[in-house]
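Mind having a look at this structure? Questions to follow.
By letter and in written order, the chains are A, B, C and D; residue numbering begins at 1 in each of them.
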């Protein structure tokens, strides 16, 4: 709806407080909606309910002590955040990482990405009112959690990566389990497509809903699957290959219009690509150490700053670390993808219906604690 | 024509979806009825930390150096130790952890120079007050021994 | 890579060649570092926007003698992360760049609440993550527990 | 035995009073059972067992829940319209009970076999919309209000195809009396003669009872709990029970109109009494309703209206026209 249409009904506009306690705001997001009937005139996300001051904590902890915090920002892709942080510190200090560890990290990070996308898939359909796919996804996701639990000892906040390697070595059971999981996931697609993707109700709920096109994305710094849905193949794993991603053959799935349906398809396709990466990494998993012999406790990077960008399940993430040569970072800034992905909603939600707002909020895959830090 | 096609195809997609759920309806359940059935924790499982018991001494090897204390990001650990006499090694007398603040990162286990720390595999750690989370690991070790 | 070089050349002419340090090895995670002044910030960022860049992040830094803002812009392809470093005095105000990049609306609010750096002409400068009545700036180095409060030249010397 | 009881009760007031008591008991217990059944169906569809703790396979779970609900504090929001707020849950349950008076459980097991039975049910079922509107309005909560508004619009839109599809059946039997409609299906159930009307009736009935995928007045993920957001304790319980009783009624009406009521297929009763046939059909339909709910996502409000006005109503009108012509020709 454009402005002109809205003009005569200005006086009938009322405010609705969507959240912070609401079944579909995933965590503690509050969206102040100005509504005209069911149509949204203005939407203002209000955030910060989960603010824990990670950046301040980063300045008060040594580099190693901050590592467990990293998996608590985006709790759905905690391992990817661990991974990125360790990479950043390793790059700063010039720590060499054994080959085996690098492959293990990639395998685990991709498993983590799949689990994050699976959870998104389930909760998104739940936001749209279909409860059952949510539990099917949890059934699948449980297999990943079991796998990662077996190697890292934790199911959500992994704290798995260490400077110069990983915490524990993977065994044959893990490798076999990962293979089994990939086969299982692939066999489930048929059912998921029949249950959700092809469902006429679902299609009507997502098609042409919440279009984020290239220009809008550029303006708001939208990244990740939300940007790729608009047809931009921007994936830091390809563009700025970190770790050993440049050794794998995988595609960056892209959409066209950038509506909720494209975002949905991009994420589903990404899971398949992650499966491919895992398969290749397992195939090429070298023998050797999973961790450097020297266990880095207190690292002191040289003075200066370093930025490391990596691709989390939600988009381009980055650690900006400033070292003053001591054991504590002078500044630890984290660029979180959900920040831009949420901010763009101030534009996108305008003129949509409340039901669409839920669909859009779900489709951009927000993790609020990540934004709040 | 598109109108009819959409209705028929849409209706058929719903039937397809119902087939998927019907198939699941007759499958066995995958969940575990928790208090009645339990699952074994994996070997890697990280519960709260615990002192290892070494066969040769029948006790822990904690020398109360305090490395874990300093490594812990959440200041969970407090260690006290005494020297039996001036030339002997220090031996821990108390090893408190406040489990309510522990984030189970495992940095202390890695930091321990005598490798006397390990993860317990307990997961039923509920309590009524916050003080129930404060555990003296040395006392716990003694109790487990008897 | 041609387009990247074009922008860096353009920035060189905008802010003067010595202020631009290109780092094609990417050894610090950025392609080029550009020191800008308050007056050059707008034209430099506008040039970035016109070249198809997006604002990745704004980071505040607090030193004893000065504040510093690091604007990082990036483009979709090929990679080219440019850091624009803006030194601003303790009580200097910075012009908002939210007209150039909409994402700055929130990022500047975040910098304001955490560092107390004011942005002129920002339409809605209120705390983003902290409660609305917050009157302290937690990432300033004189707030709470701090390990070191240094002068800028101690780090970047 | 039922026949003797009914006969002994005779006609008139005594019959109605006994009927009411039986209806009250039956509708309440049935609703509790349905809640349990829904949770079981949901559980097994989702690969989990559903309620298991209270009683064998959790059969007593809903009774325990009911006791909990009765014991809960009834909270009235400070800014609510107190009288309407209290009335609404009562009002939502009342018409539900009335509908039981005319449902044909068996050839003789009808409390009141009125010649306008069908009309009575639809007249009273519209009442529940009013109750929902009252509840949503009186709560003085924006989510509740939105739910109420949606509910009214939805019910108005779906009442039309519902009645039009019923009219096709009425045209064939020339009667609004349930017993006659059912008796007319002695050989062929009307679902075979009127498949389109049957389908439309069932879809519209799903919408009328606010069941998924048409549960937009409640729309958990959008409107918290829709019109009963502010209700607690047994007031919420009444809304809840009314929903399940409503489901039972629409399934019962569908069974009577399209699936031959108390009669077996193609005139074979297979030795089962009419009541059993009737309940079997009703529960199968109820199961389908639950199956819907745990399979589909929710439609959007405007799509729901579009579907009603652009698909359901034209289709049911066309169906009615064809029926009228065919009936006239035969």
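Following the convention adopted for this analysis, a contact is a pair of C-beta atoms (placed from the backbone, for glycine too) under 8 Å apart; a residue touches a chain by one contact, two chains touch by 3 or more.
Given the structure is predicted, the values throughout are model-derived calculations rather than measurements.
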- Task: Could you name the chain whose Cα mean is nearest to the mean of all protein Cα atoms here?
- Result: A
- Query: So, what's the distance in Å between the C-alpha centres of subunit C and subunit B?
  - Reply: 42
- Item | Interchain centroid distance [CA atoms averaged], subunit C/subunit D, Å | 62
- Note on the structure: Rounded to the nearest Å, the gap between Cα centres of subunit A and subunit B is 25
- Query: From the C-alpha centre of subunit A to that of subunit D, how far is it in Å?
  - Reply: 43
- If you look at subunit B, which of its residues touch at least two other chains? 14, 17, 20-21, 24, 30
- Multi-chain contact sites of subunit C, meaning residues that touch two or more partners: none
- Message: Can you list every residue of subunit A that touches 2 or more other chains, as numbers and ranges?
- Response: 132, 136, 139, 195-196, 199, 201
- Item | Pairs of chains in contact (touch as defined earlier), listed by label | A-B, A-C, A-D, B-D
- Which of the residues in subunit A end up touching subunit B in this complex? 61, 64-69, 72, 132, 136, 139, 146, 149-154, 157, 159, 162, 167-168, 191, 194-196, 198-201, 295, 297
- Message: Taking the touch rule as given, give the residues of subunit B at its contact with subunit D in the complex, in rising order.
- Response: 7, 14, 17-18, 20-22, 24-31, 33
- Task: Under the touch definition given earlier, write down the residues of subunit D that touch subunit A in their complex.
- Result: 42, 45-48, 142-143, 146, 150, 212-213, 215-216, 219-224, 294-303
- Could you please specify the touching residues of subunit A with respect to subunit C in the complex? 47-48, 51, 53, 55-56, 59-60, 88, 91, 217-221, 232-234, 239-240, 303-309, 316, 318, 320, 322-326, 328, 330-331, 333, 335, 339-340, 343, 347, 372-373
- Complex contact set, residues of subunit C against subunit A: 26, 28-30, 52, 54-57, 59, 61-62, 70, 72, 74, 76-79, 81, 83, 101-103, 105-107, 114, 127-131, 138-139, 144-148, 150, 154-157
